[in-house]
């Protein structure tokens, strides 16, 4: 297989617009830092949907994607009145989990970047499991590589 | 039955202290109004616990207490650095639901008052139901009257 | 003046799409009731913008629109995976404040309805004031009537 | 100076009890991961207060402590009905900022650990600055070392 086939392509990146909510600001006059984690989730939902399965369908299949790690580095603050963009891509795929990366920006201004790590879990038992069979190929595609 | 037996007594009122969280403020420099709904819930949880059943146990029994109505009137604002008090009491009890009333204050300063209305529901089906048998007497006591 | 001129027209109603966030759900499997207050605010922001002034500009002019009352009646629950619609219109306009009404729906299914009441306030002093001169005509138009 | 004088002592660690809020759960039946960031802030507020300055007083002095980085590693989930403990300590102190570390646990069960990094900022200009003179000694003491 040629290396080019493994490179990230258009299908593996997702950008969502997020309008800053007044309730998301704090008394510093900027968006409170915890909200970026929720914005990451919006972009992750949109990216997962590109696998062909909305995350709500994944849960109906009996699986959860639990969060094991979150990292955020903050740049310029986001403010009420702005609509920001959140990019998300699947940075790493393992047999039992994955790592998403994120960038939040307002046009050319970088507001934050970060990552979340997740493990697949059987909803009924709460136990970690291997990537569900039906989701392997769709997520491998998201990661920009053939299974 | 004598009227006195129906009057509200000490058991039917609950007050919780809530420390204002920085994340609860908004760019107006005060607590965002949506958070009072969450504070009401903290006081309601504490009041329900006086029935002998923590609300998490009620859910384990297979019931939900869904919210059908919320009302809040706002007075002076709450601010970061303050610990406020939230009073809750069971204002009305019907065969299928209840109405809780609330008062939020900071010492003698009134910050808000309000009410929430709820219906009992079977968790599995999501259908409204009569007050679960096992909870009738405990909630009647909360309401300050014998069943 | 003819009565028809006072009737609400297209300019005075605003509808925003809100994608349900995973973080907005609770362990009942539905959107937690406090989030509707935040959704109302999104629709109110969009409606205010139709006055020609984004609410962030109104604050820059030195005014706040403080919340004095909130009411919500809940119907069918909203769920993760759905995009709901929130309608907002200016129900009442007084010399010092206003009342917005809201309807949240998912297609034809009614999820909630409600209202919020507000007073104009001078940002620097926190004191209530009459509707700022510059905003009278724009908000009168939103209310569907000539000043 | 003897090494013992530099070791962390009782004054530099703070533990707060946090009662899980129903609104903090999500449809997975556990506390949504973004809330831990808010819990960290509660413990940080309590720790800062041990400096002799509540964080709200620091802001009144004209300074902000902006967040530049957040990291969380998640262990067992927290659930409604539980009261968890959040430990916080000042892990690192530099001339312009600091790093707090956190551990969230429920008795002996570890729920999460993490860190936040911050820079001092002049509130009026939003520009980073050196640790405000008046806060140097108090925060050095929090860090368990003499200035």
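By written order: A, B, C and D. Residues from 1 in each chain.
We adopt the following convention: a contact is a pair of C-beta atoms (placed from the backbone, for glycine too) under 8 Å apart; a residue touches a chain by one contact, two chains touch by 3 or more.
In this text, all values refer to a predicted model and were calculated from it rather than measured experimentally.
Student: Most remote chain relative to chain B, going by C-alpha centroids?
Tutor: Result for max centroid distance from chain B is chain A.
Student: What rotation angle superposes the Cα atoms of chain B onto chain C, in degrees to the nearest 5?
Tutor: In short, 180 degrees.
Student: Give, as an integer number of Å, the spacing between the C-alpha centres of chain C and chain B.
Tutor: 26
Student: In whole angstrom, what separates the CA-based centres of chain C and chain D?
Tutor: Inter-chain centre distance comes to 36 Å.
Student: In whole angstrom, what separates the CA-based centres of chain B and chain D?
Tutor: 31
Student: Which residues belonging to chain A are in contact with no fewer than two other chains?
Tutor: 22-23, 27-28, 34, 38, 41, 80
Student: For chain C, which residues count as touching chain D in their complex?
Tutor: 22-23, 25-30, 32, 34, 80
Student: Along chain D, where are the residues that touch chain A in the complex?
Tutor: For chain D paired with chain A, touching residues are 27-28, 33-35, 37-38, 41, 59, 64, 66-74, 77.
Student: In their shared complex, at which residues does chain A touch chain C?
Tutor: 19, 21-23, 38, 41-42, 45, 54-57, 79-81
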